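Report on the structure given below.
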Amino acid sequence: MELLKIENLNKKYNNKIALSNISLSLDSGKIYGLLGPNGSGKTTLMKIIAGLHRQTFGDVFINGEALSYKTKAKVSYMPTENFLYDSFKVKDAVKFYTEMYEDFSEENAFNLLKEIGVDTEFRISKLSSGLVGKLKVALALSRNTDIYMLDEPLNGVDVLSRDVIIDLITRSYGENKTIIISTHLVNEIEKILDSVIFLKDGNLELSGNAEELRISHEKSIEGIYKEVYKNA
Amino acid sequence: MEFNNNIPIYIQVMEKIKQEIVTSRLKPGDKMPSSRDYSVELGINFNTVARVYKEMEMEELLFTKRGLGTFVTESSDRVERLRFEMAKKQIELFVSGMRQIGYTKKDMIKFIEMENDYMEGEFKHGIIKNRKSE
Amino acid sequence: MLKLIKYEFAKKYKLISITLIISVLLNLFLITRGEAGSGVFIVFFPMVMSIFYMVDIIKMYSDDLNKKSGYMLFMTPNSGYKIIVSKLITAVIEGLAIMLLYFIFILINGSYIIFTSGNYVNFKDIIYTINHLLSGSFGFNLFHVFMVLLTALLFLISFLTTAYTAMTIRKSIFSEIKFGGALSFLIFLLLNWGISYISSRFFDLLTPYYGSFSMMRPTAAEFTRILLPINAMSIIQSVILTLCSGYLLENKINL
């Protein structure tokens, strides 16, 4: 079922085009890979959907509803940077999410954090980048909402933590949810993707079912990625 | 399980399950994990597993009981046929490959006997672990 | 809204505690230096604190607009209007708290100075003074005091909304231009220039209104009427700018 509809979306900064005529339809019950090198428009697209940026023109509908502060309740966005308040302890961040998002499961979050080895008494400024990476993903996935957007969840994270993060994402699959993962580390993540969206210089270059693309191109998604961005 | 990303994941998972069926690691009537559990176990997408189950149901290797889950076929005939299909695929590959590099039927048979004797020796000395448990 | 305000304070809980502890320690230290020390504290505390306060309330908003940690706030399903109003309320509460703290310091240091100078605090005198104040025989009463404080508060709010609006404009309409801080300040100056232009026109029109009552020893009612145009101006300015900020946060923001 169509959960996210993007129609003719454009975003300009000054005179630089960040997104150009993007139209997409994303279904629930699927994991999408939003692929492309830095500067291809992945983060801009996610920020627009999350309501942190405004499009120059074009529309985005979540479950038929146009973007506003209300649709923020339907989107669980994980920015790629460490955006958590430095002065907070891990448990304070959990408390913040619990109070700010009605759909956030505090219990689920504490269980996940225990499982992946994040001490809730720790101050966020004292955490290693691997732990911050896991904490951010755990917080984003502990919400129970429609759209999950993880921006570069594997960036700056050690190999073992990457496996943990991929495992968390796989387990979060739900029939009514759409998960969008942006990454340029395609090899690590392609096996959990249903569909992929390739962005290049703000344009939609290629999109489709991952398995069908493997068959039609006779190579891995990473192989297709290399082909698409050969000259980029 | 390690995947080769160049080949569709669902094909690799189907191969793995088929292997397990013909080697009796999965026995007729065994219950398969739910798509969800299996996808988490393999670290792959839920829908990929769902597709595997669907395709293997069409091949009559798996069947679904409503509300109970997915099971391995109870027909030993079907399992035998699967073994035959898999063997046929291997031999086709072998024969066509050998022909391409100029082997005749006679040479091939000789080669097979030689290689088989050699491998049996290795198995005896435990150099190659006996993978066929039956 | 309460939650947002709560987290504004939770974020600066450390800063507040440190400021409080340092102030108390500094005061204790200066008191050991005698009355002069106490006096110095009473004179300089408000000066230093008002600078701290200004920096803090600007930073409170500018950090959320310019640092990654601002995503924490702006990802939550709260409207831009709610966010800007909660910032304003937080800033006002903080200002009032500082004022309260200052009064407590005055009380403590004042008593101390009176005590060390060998005078007894005479409760009769205090009651006498308060009675005089209430009866208005000083030419003003508590209502006058209240009106002055209200006017100051409204002025503070209008100042805050102007500063916040300047930052919002810079982060929405001019989000991709460099030197953000300087640009915000420039927009702030322009806004102030525009506002003072409009208000001077407004007050020009009001000359006959001011001529209608005596400025010497005004009664409470007169005093209210004297301050009315200024206060009305502050309120109108605050409301319009808050709406502007809220609208921009809601529809034009690029974090």
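To keep things simple, chains are lettered A, B and C as they appear, and every chain counts its residues starting from 1.
In this text, contacts are C-beta pairs under 8 Å (C-beta built on N, C-alpha and C of every residue); 3 or more make two chains touch, one makes a residue touch a chain.
Owing to the predicted nature of the structure, the values given are computational and were not obtained by experimental measurement.
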| item | value |
| --- | --- |
| Both-way neighbours, i.e. chains that touch chain B and touch chain A | none |
| Chain whose Cα mean lies nearest the overall Cα mean | A |
| Chain A and chain B: spacing of chain centres that average the CA atoms, whole Å | 36 |
| Separation of chain B from chain C, taking each centre as the mean of its C-alpha atoms, in whole Å | 76 |
| Inter-chain centre distance, chain A versus chain C - centres from mean C-alpha coordinates, in Å | 41 |
| Where chain B touches two or more other chains at once, by residue number | none |
| Touching residues (chain side chain A, partner chain C) in the complex | 13-14, 47, 50-54, 68-73, 77, 79, 81-87, 92, 96, 99-101 |
| Chain B to chain A touching residues, read off their complex | 3-10, 36, 39-40, 43-48, 51 |
| Touch list for chain C against partner chain A, complex | 3, 7, 10-11, 13-14, 68-72, 74-80, 172, 175-177, 250-255 |
| Parts of chain A lying in touch with chain B, wherever the complex brings them together | 29-31, 163, 166-167, 170-171, 173, 187, 190-194, 210-211, 214-215, 218-223 |
